[in-house]
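There are two complexes below, and they share chain A, which is joined by chain B in the first and by chain C in the second.
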Partner chain A sequence: MKEKPWKPWLLLSPSLTAVFLLLIVPVCFVVVYSFWLRAPSGMDIPAFQFGNYAKFFADSFYPVILLNTIRVALETVFICLIMGYIPAYFFYRTESRLKPFLMILVMLPFWISFIIRTLSWINILGDSGLINHLLLKYSLISTPLPMLYNEGAVIMGLIQYLLPFMILNIYVSLDGIDKSLTEAAQSLGCTEWQAFREVTLPLSLPGVSAGCLLVFVLTCGTYLPPMILGGPNNEMIANLIFKRVIGTLDWPFGSAISVILLLLLVIIVYTYNRYMGINQIFKSLSKG
Partner chain B sequence: MAAGGLFHKNWEIIGLTHAKDPAFVRFQGIEKRFGDLVAVQPMDLDIPEGSFVTLLGPSGCGKTTLLRMLAGLEPPTRGDIFIKGKRINDTPIHKRNLGMIFQNYALFPHKTIFDNVAFGLKYRDVSKAVMKEKVEKALETVRLPGVGNRMPSQLSGGQQQRIALARAIVIEPDVLLMDEPLSALDENLREDMRREIDNLQMELGVTTIFVTHDQREALSMSDKVVVMKDGFIQQEGEPEEVYNNSVNHFVADFLGHSNFLSARVKTRKNGNYEAELADGSICIASPVGEFDVGEKAEIVIRAQKMTLGYKKDYEKEAGMNDFFGTIKDRSYMGGEVSYFVELPDGQLLHVINFVKRSPYRRGDEVFIRVDPFHCRLLKL
Partner chain C sequence: MKKLISGWTLIKLYTILVYVWMFAPIVAVVILAFNPQQFGTFPMEGFSFKWFVKLSQNSTILDAFKNSLVLGSLTAVFSTAIGVPAALAFIRYEFKGKEFLNTLLIAPIMIPEVILGVALLLFIRWLQQPKSFALLLIGHVVLTLPYVLLIVQARLVGIKREYEEAALSLGASPFQTFREITFPLLAPAVFAGMLFAFTISFDDVTATLFWATAQNQTVPVQIFSMLRTSISPEINALGAVMIVLTVSIPLAAGYVARRFARGNTP
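Let's look at the complex of A and B:
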């Protein structure tokens, strides 16, 4: 049969076109915008200057928000990892007939709008929300606990949004591990826990790694949980962009912040893959 | 017995000979249920020390479940398991000191070959130097020295299974358990691997339980074959015994190519029985068990035990059973030819013969001759 080198490209062309038109082109717009000048009149003037970037680093206000974003993202990743590994491991081990049903429960949140899900936390955590209402009713507290509009509430909102991603990523990785590997390890003298540490955990690291990266990147780019559940001090970088672009219509500066965030994420993802890539994980573990 | 011989001779020389335990591994009233399904019916089974025992049967016959109960991977519903006379029901898997070989090799993909083989030693308080020595020796035993630094994915399937073998024997297990270790390999590789496992077992003299659905593996390697079906043991014995003296239809059918003829017992004659076949002709058959006159029974004849001849050359030979028919179908298999011969009443007999001059052709009129010794009369 004659080889048709163009065939894979033909098959890929719809996705490539979509990616190009809906992702590459808009990103290019944003990059171009970030160099424009914003006149005091509110007009955007085409230009090539670094004023917007200089403004970002002019004082500590913006960089601190960027660092806070990264810190919140890392905290979210860590909590999601702990909270996600356990159910993923349960799904891997269980032979229960309820497994498909429970898997659907994990995905159920995706069926409800993200905004609604986030807003509903107000009814649970708010001063007159469910928890405070019950605690007050049974006189366990005298004044409502301040559970909303702080970093804890933001992280909670992020977790309820991102946990399914973590669970599914880890589960997919675990599911690819042959269960006879654990049995082999046990037959060679491992306890169940040792077999988990020696075999299952290292082999599930690719999924852990992918899940962590996904949660991190999504946290860095999200603005709804801090906007709805956070207080004035819990702004994250995406809120800043949102405010600049939607609020003050300052497209050039909003674009510059976007580009900074994008570059930062690219550097992080690249470094992460370089040092935490699947091969590296395997290699470093097999030495021990 | 084939296995153990070499090793035990050495033992005699160095004066370490001891009586072999006929029940090194003992299943006593063992039973396994999964909900309503009975995977292993209550059974007793003894496995002698140093022997190579095969659990043979189709999928779902309970052979793997039996093995997994011994390994400690499934708890028995009822009954006891003993190794070296010690009840091990409550011994967790990691303390049973068993070597396990899995169908899909089950090598740890993230560890080097050395670390794979050394894995069991790590949990056995072995010094680094001794560990290295033992691993190297195990790799030599499976004829793969010097691959320690490679990863499992860099080896072929057959090599991976040999590493799995090295990993299992390096801990000097009391019993070696193999769960269909050859089924993932290519046909020609399987033959080599079969011999290799057989030789290795003989060399080490380790008690081995081998689970398979392949009758050729079972017959060629084992000291004892245990044929199972639906959770019941159908027959256990040496390969020749099980093959030649199959006790029932299932065993005869599962092992090799068998023909079954329904018959009615007529008279007893010199230890054999004359039986009337469906078409009214008489067939002399050697019985498996006692039969009453008039009892309905079944005659089993192995395809390889019958010889063909041209009908025009037919001469009666006293005491032999003869059938006449036409070659209906044949398939040439190199050294031998597999024929289907149609008898006058329409029944097909499967005959496998070596080619003498030229193979028979479709439509040839032939006679089939078979010694009554090879016609086994079975209870229905």
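Let's look at the complex of A and C:
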């Protein structure tokens, strides 16, 4: 068959047009808008001034929320890693016939609505939720423990959402490791634990770091778990954006906060890409 | 020397606990949906379908369902219609800037949905267009396109070019080749892409909350506004319906697709 050089471009043009017009242009628009002035009524006033950014850093209120977001994201990454590595390792090593079924189960939450998974924790952690119900029933406590509307509950919701991403990323990395490497290490006198620590663990690090990055980025951009499971002090940066844009209709300030969030993530993703290569993440996602 | 509990047993136990943790809340939603009491909480006293009946009489929710189904289906069609050709271009052709363009088209996965929500809404506002169903559709196509690209590309890698070349060299016309060889081989990939796009669109709430209006609600947006008051058994019932739908459709479709693929493998 003759190769026509314009053919791939023809095939690509609808996607490229869509992404350019509906994504790149609108995001550039957010950046432009963040310099505008808010009008008391009607359309906002085009301008080039840093007032919206100055407002963000004027006192500690907004920066504290930004720092809280980063802290919550790091905590979520850490817990996801601890909860996710061992199941991923289990999938790598197991020879059970149930493995395909268990893998599908891990991916199942991807198919379940995010809002349902988030609110489902109310049934577990609430004052009359499962845990308090059981504790009260067996008289271990006399009044319900307050487990909802705090940072712990928010993190629970976030992990519920993000753990499958972490497990899959680590698994994809582990799955690429030749099992004979650990056998070789063991036959040369390593204990099982040493073989894991010296061979398997280092080789799985690309997946670990890809999982961590993905969890971090997705945590920073979400506002539902803090809104549904958190209290007034657990707001994250995305909540601010939602409130400014949907609540008070302060578009220029909402845009400025969006740009700050975007900048934070761009710096992190760029640094990651310098050292690890972004394609590791896409490799794992395509397994989902 | 044999240890009392081996490391492997601990790993298995740990994995089971993670599973329990992951699924306990979801199972609780489904169970509590059958709780006949006014407050959708434990303890369960009795078993009834009353909240499901009540749901089926709620016209707002039914409208939202209809909206979600139409939106999800249209998103699936449009997203694969533009995503599959792009995936073909990346897998089948060599051209300048391929790597860069591939990353460019998939990178939106890493952009927080909040920002996508604000950006598109701002753009529409600047164009002085009202929020509409079209905005939801456009937004959902942008949201799902990177996933469609990833999934379809992953499937396409496995389809060998040689099958088509063989058909052509044996005298089939290009159209015949497409109809008899390329399309049947491509169909499972397209199907997987559509399914993925549908589910993402059907479930999405983070960006959709920016784009939805009172007239154009989706089920997750409806759940969100119901939550404003309190968690009622009705929400659990709606959640149970959503869980059963979004879990069973892909499982069933995956099964059908596998049968379909097996029947067509040359």
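What we mean here is this: the second predicted complex is superposed on the first by the 251 of 288 C-alpha atoms of A that agree within 3 Å, B and C clash if a C-alpha of one lies under 4 Å from a C-alpha of the other, contacts with A are read in each partner's own complex, and residues count from 1 in each chain.
Rule of thumb we're sticking to: contacts are C-beta pairs under 8 Å (C-beta built on N, C-alpha and C of every residue); 3 or more make two chains touch, one makes a residue touch a chain.
Note that the coordinates shown come from a computational prediction; the quantities given were computed from them, not determined experimentally.
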Let me test your reading of the model: by the given contact rule, A:54 touches which partner, first (chain B), second (chain C), both or neither? neither
Once the structures are superposed on A, label A:90 by its partner contacts, choosing first (chain B), second (chain C), both or neither. second
In the overlay, answer first, second, both or neither for which of chain B and chain C A:183 touches. first
Touch count on chain A, higher of chain B and chain C: C
Taking the superposition as given, does A:8 touch the first partner, chain B, the second, chain C, both, or neither? second
Is A:64 contacted by the first partner chain B, the second partner chain C, both or neither? neither
Which partner chains sit in contact with A:113 here, chain B, chain C, both or neither? Use first/second/both/neither. second
Just to be sure I read the superposition right, which of the two partners does A:194 touch: chain B = first, chain C = second, or both, or neither? first
Answer with first, second, both or neither: which of chain B and chain C does A:129 touch in the superposed model? second
Going by the contact definition given at the top, which residues of chain A touch chain B in one complex and chain C in the other? 282, 285-286
Residue set of chain C touching chain A in the complex reads 7-8, 11-12, 14-15, 18-19, 21-26, 28-29, 32, 39-43, 81-83, 85-86, 88-90, 92-93, 95, 101, 103-116, 118-123, 125-126, 138-139, 141-142, 145, 147, 149-151, 153-154, 165, 168, 199, 202-206, 209-210, 219-220, 223-224, 227, 231, 235-236, 239, 242-243, 246-247, 250-251
Going by the contact rule at the top, pick out the chain B residues touching chain A in the complex. 71-73, 92-96, 98-100, 102-104, 106, 108-112, 115, 119-120, 122-124, 151, 164, 167, 171, 177
What residues on chain A touch chain C, complex-wise? 1, 3, 5, 7-12, 14-16, 18-19, 22-23, 25-27, 29-30, 33, 83-84, 86-87, 89-90, 93, 102, 104-105, 108-117, 119-124, 126, 128-130, 133, 137, 160, 163, 192-193, 214, 217-218, 220-224, 228, 238, 241-242, 245-246, 251, 254-255, 258, 261-262, 265, 269, 278-279, 281-282, 285-287
Residue numbers on chain A that touch chain B, as the complex places them: 178, 180-181, 183-191, 194, 198-199, 202-203, 282, 285-286
